[in-house]
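Order of writing sets the chain letters: A, B, C and D. Residues in each chain are counted from 1.
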Amino acid sequence: MKTHVTTTINGATVEFLCQPRQSLLAVLRDELSLTGCKEGCNNGNCGACTVMLDGLPVDSCLVLAVEAEGAEIETVEGIAEQGHLHPLQQCFLEGAALQCGICTPGFLVTAKALLEKNPQPSEQEIRFGLAGNLCRCTGYDKIVRAVQAASQASPES
Amino acid sequence: MIDFEYAAPTQLDEAIRLLAAAGDGTRILAGGTDIIVQLREGLRSADLVVDIKKISELTQLKLSGDKGLHLGASVSCRRIYDDQNIAASYPGLADAVRIIGGWQIQSRASVGGNLCNSSPAADAIPPLIAYSATAHIAGPGGKRMVPVEEFCTAPGHNILQQGELLVALTLPPQPSNAGSAYQRFIPRNEMDIAVAGAASWVQLDQSGERIEQARIALSAVAPTPVFAVDASEWLKGQVVSEEVFAEAGELAKRVASPIDDMRGTAEYRTHLVGVLTKRTLATACQRARK
Amino acid sequence: MSTEVAPDTQTPATYKVIGTRPVRHDSADKVTGKAVYTDDLHVPNMVFGAFVRSPHAHARIVSIDTSDAEKMPGVLATCTSADLPDPWDKVDNLGEGCVNYAHLSGNVLARNKALYKGHAVAAVAATDSYLAQEAARRIRVEYEPLPATMCVQDAMRNDAPLLHDELITHTLDDKPARPSNIASHIQFEKGNVDEGFAAADVVIEREFKTATVHQGYIEPHVSVALWNEDGRLKIWTATQGSFVVRQQMAELLKMPVSQITIVPCEIGGGFGGKISVYEQPVAAVLSRKCGRPVKIMMQRDEVFEATGPTPASFMRVKLGATKDGKLTAGKAWLAFDAGAFPGGVIGPGAMCVFSCYDLPHATVDGFDVVLNKPKTQAYRAPGSTHVAFATECVIDELAERLKIDPIEFRLNNAAKEGTRRVDGPVYPRVGLVECLQAIQESDHWKTPLTGPNRGRGVACGFWFNCGLKSSVTANVNADGTVTLVEGSTDIGGTRTSIAMQLAETLGITAEDVIPQVVDTDSVGFTDVTGGSRTTFATGLAAHEAALDIQKQMVEQAAQIWECSPDEVTVADGVYQGNGKSLSFKALAVEADKVGIPIVGRGVVDPQCSTNAFAVNLVDVEVDPETGKVTILRFTVCQDAGKAIHPSYVEGQMQGGSAQGIGWALNEEYFYGDDGHMRNASFLDYRMPTCYDLPMIDTIIVEVANPDHPYGVRGVGEVPIVPPPPAIANAIYRATGVRFFELPMSPPTVWNAIKGQTTGE
Amino acid sequence: MAIVFIPSQLQKLTGTAQVEVEGDTVRAVVEQMEKQFPGIQQRLFEDDQLSPTLQLSVDHVMTRALSTSVTPSTEIHFLPVIGGG
């Protein structure tokens, strides 16, 4: 039996049918073709599936899609606006803050949330804020630096 | 994972009716960070999942000078530590909710859920016990209140009866000369399950030199989080000092009955109880003096 | 500043593109979520597969009954090893090590016996993934459990339960008469080791153990297979080497390579673990049986339990030195766990154990041992991290005993050009000495470490790096850009580092090159992205293609300018002849109007090691009450030969270091007595998070590799090697306790500190 | 002619660690060795090719090609094949 859900994704109203057991991750990827969020572990330990749910970063593998009724969701696909990369995306590119790239969407979503809450985070605040996102390629150095660069580039500073 | 039905009642009565009517295949969904994993991995199964986040009583978070903290059962960790007054008034609780999973988990996971999941290693339960928190339970037979230290009965088990629901937790108001802290030991610095955890709550005398009241609670060292009663009693009247903290740690170790597993040996966990009790007492006393 | 290039080793700055840091060509895709990884594919009419896996570490498979599953509506096909052709006992070289196809087939789907917990036994395809998982539960497998053997020393005993009844030790020596779990024994000897130890003033021998660890890539193994009615098989997959997947598929399914197309999608990490096939043949067979494309994606616990972690090891290393700090002899006895099938990484382990030093006398014995754990695979400098842990800890102890500075002691004995390795060959120009000197010159080394419970450690590491086959074609476009077509999967930015070499050679910008990684039908054979070979070897192919283009451009210029090609000269991308001059781009525009298309071709098979060395300097603080180790400061210095894109070189150094730190401190397969892995999740298999690490400072040394036009050495693997011993040596200085076992997790460290204070 | 470094496990066949052997290619050298030290070729070859578990180091070149040419100063080593990650 499928449930009808109406939600807002990256600013647009979206309706979908889902089974209660389906995770938000599964619906975003399999039903809505928003494949930017990735499945790395499917139990909330890697952060590759991070999306914003009502203004907070969540592991979309640990959200049932039916819970999204009436919610506001933002995914990595919504970060760049009208053909322009967000400063964080630009800093990730220029700072070589990605290698294989599978964790990158999750990091971008979490980092954007972090900078919106705390526009000038310290290195330790960045590291603590991003601890729910695993990266196996970079050793995190360039990711942390890219977030630092973006915080300096942001208009709040 | 077998599919299930989903309900998101907006009224407490409705939720209780649903829970009471359904069989033992009913699961309550708050933050979902434990139950969704358990359903997916086949550790639990469900015919019906009842989402309680749309019930207003369960999402209330209220701090008042005379009543203390009212913590709705589905309030997320994030909301607790984002409220600076609450974090300042209940620092031991804030310590715990800041380290439950990463930010993504904290956006969803609730203290009520942490309690109802009843893991021996739960981070939020020791501070609740240390703060003498009360669990407010509603069910088909009406409401009841239970001290948190009596809530968990075994790993993954608690006193909730068929059809019952945790509505809220209340923590008594904090006098200015009280302080608390929670620490757990994990091999990494984040994203881990406690090898051992300890929460300490103290109330000092006017001078700030003597302990009037103390409560110590531990996690991951027994089948349930435990109240270290002997250590807590012994601390009454003691003068604040490193030696006293260490001695309290030694007493706290006596209630630890840990197991050997991939997270640590029994010997190591017992040892950590001493270390963490000592360290959290020091922080709690320091906070009490502020 | 995190990065320095050690000044003495810098090559003259004559390059325009090489050494700069352009933004990678695929980056916009990767920061917007558009890059297509295998699991992002939704092939029309696709169905989903799931595995049935052994719950036992060792068991005879009595029967498999798929009938209940097959009756379920929506279940389309099932598969067991009976659906795979009878495998041949053929050992093939995959460029990157060798594989026995009988073993590979038996690993893909168990035959007769399940050899480890999680070993795939059967599979099912259904219309949705939940149904596939449910159907997998309905496949009934009857097992007869057998005693399991889980550690190398136990498996080597005469009375150990045998995994393979007919396994005779492979050795150049006389073959033993009886089967055992020892799959191979290799040996090296140099000089006379007894004489060497007799000449030593100090001799230290220690035993070491390391735990099984996993590469830990974030993307699980995933493939989509489409076996068409015309007999052609197409597979979209996450792999380090599409041609090597094609080769394995052809052999396992006994079909010609020409019938198989492998489409490499973007790959979410590999580190050596995505070379062997696992789910690909099964997805193919299920697709053949149901006539629809089949996707199989592993869950994270399957990745841990049933892919290819890198071995646990047991090692004994003995070294002798004279009072004035010269090594005289070394002896190593190494046993690595191969997992359930022969063919672990003992070969390179044995070759690397003394590879950083000039040792006049040495013997090395290496054993590849099968036991009831998943078949091990390469993991970044396979085998070298294990042995470096052993050797570098003994070296540190020797230096201490001799009261010689640990870097000076290493410099005294460092391998350099002309050093004969213990396994025989002589090094060409290499950069270990320069790396050690660069560490001595670093701000980190010159800044004293103060404070209680703190210590500083140093260690070296070596990895061969390989060459192997690469092919590229390069098409000059009408606007003067060049499309570069290559077969090397890009995991860390190699599209760009290869494009930069083409650009440098042609005298154009990196942005004027459009690199494309294509399928196995669209480019010539290319070996895996592994062995730190891609920027070196595929870069070399790109250089050749550029020279080929340049030759054709000269001919076209001569035609346009009505002169002889001999009269056309090229410098810095500018073509001149008959009094005329055009840039590459302008000439390409002209040539497009009048000439035949210009297509460059580069095919290479460089047969040399490019010999990478790295040195770590690390400061730690140990909590004496809990045994927890905090990394305070970390510097990695490495000889890159020539850093084509310095950011990517730093990225490899930092990423490899982080993996090495994880290996040193917390990562391990934790097995219960039943042979079950207890921590098959990212929660309990503790890879470092962002919050566990400091910034990782890098020093790039550039000692040019004579076998590459731009001096490139590989850089990807060696940085994982030195962290465990460097950290062990640092912990020793912080606590006074030497560690001989990985990981040096908090309980282990606490136990050791406690043992020291109580005199245990 | 070339200098062949005999793997320690084969030295009981040769009695020495190094031998100088006639031949213009690695194959010719191995065949010549076989005449001097009967049985050595079957330890190194499989189906008339280099055993798939072995590779050659011929001066600085790592190869499996038996056709590799050699000179009197060439060193030949037989090594295990290695992979990489």
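One rule holds for everything that comes next: a contact is a pair of C-beta atoms (placed from the backbone, for glycine too) under 8 Å apart; a residue touches a chain by one contact, two chains touch by 3 or more.
What you are looking at is a predicted structure, and each value in this text was computed from that prediction instead of being measured.
For this structure, the chains sharing the highest number of C-beta contacts are A-C. Chain D has its Cα centroid 69 Å from the Cα centroid of chain B.
Chain geometry summary: the mean Cα position of chain A and that of chain C are 29 Å apart. Counting partners per residue, chain A has 21, 42-43, 45, 128, 131-133 as the residues that reach two or more other chains.
The set of chain B residues that touch two or more partner chains comprises 1-3, 102, 189-191.
Annotation for chain D: no residues touch two or more other chains. Those chain pairs judged to touch are A-B, A-C, B-C, C-D. Taken in their complex, chain B has these residues touching chain A: 1-6, 8, 29, 32-33, 36-37, 39-41, 49, 51, 53, 76, 78, 101-105, 107-108, 189-191.
Those residues of chain C that touch chain D in the complex are listed here as 91-94, 96-98, 170-173, 184-189, 215, 270-273, 275, 345-348, 350-351, 363, 378-382, 423-426, 428, 463-467, 530-533, 607-609, 707, 716-717. Partner chain C is touched in their complex by these residues of chain D: 5, 7-12, 17, 43-44, 46, 52-53, 57, 60-64, 75, 77-85. Contact residues of chain A toward chain C in the complex are 21, 29-30, 33-43, 45-46, 48, 75-77, 79-80, 85, 89, 92-96, 98-105, 108, 123-124, 126-128, 130-145. Listing the residues of chain B that touch chain C in their complex gives 1-3, 102, 185, 187-193, 195, 261-265, 268, 271-272, 275.
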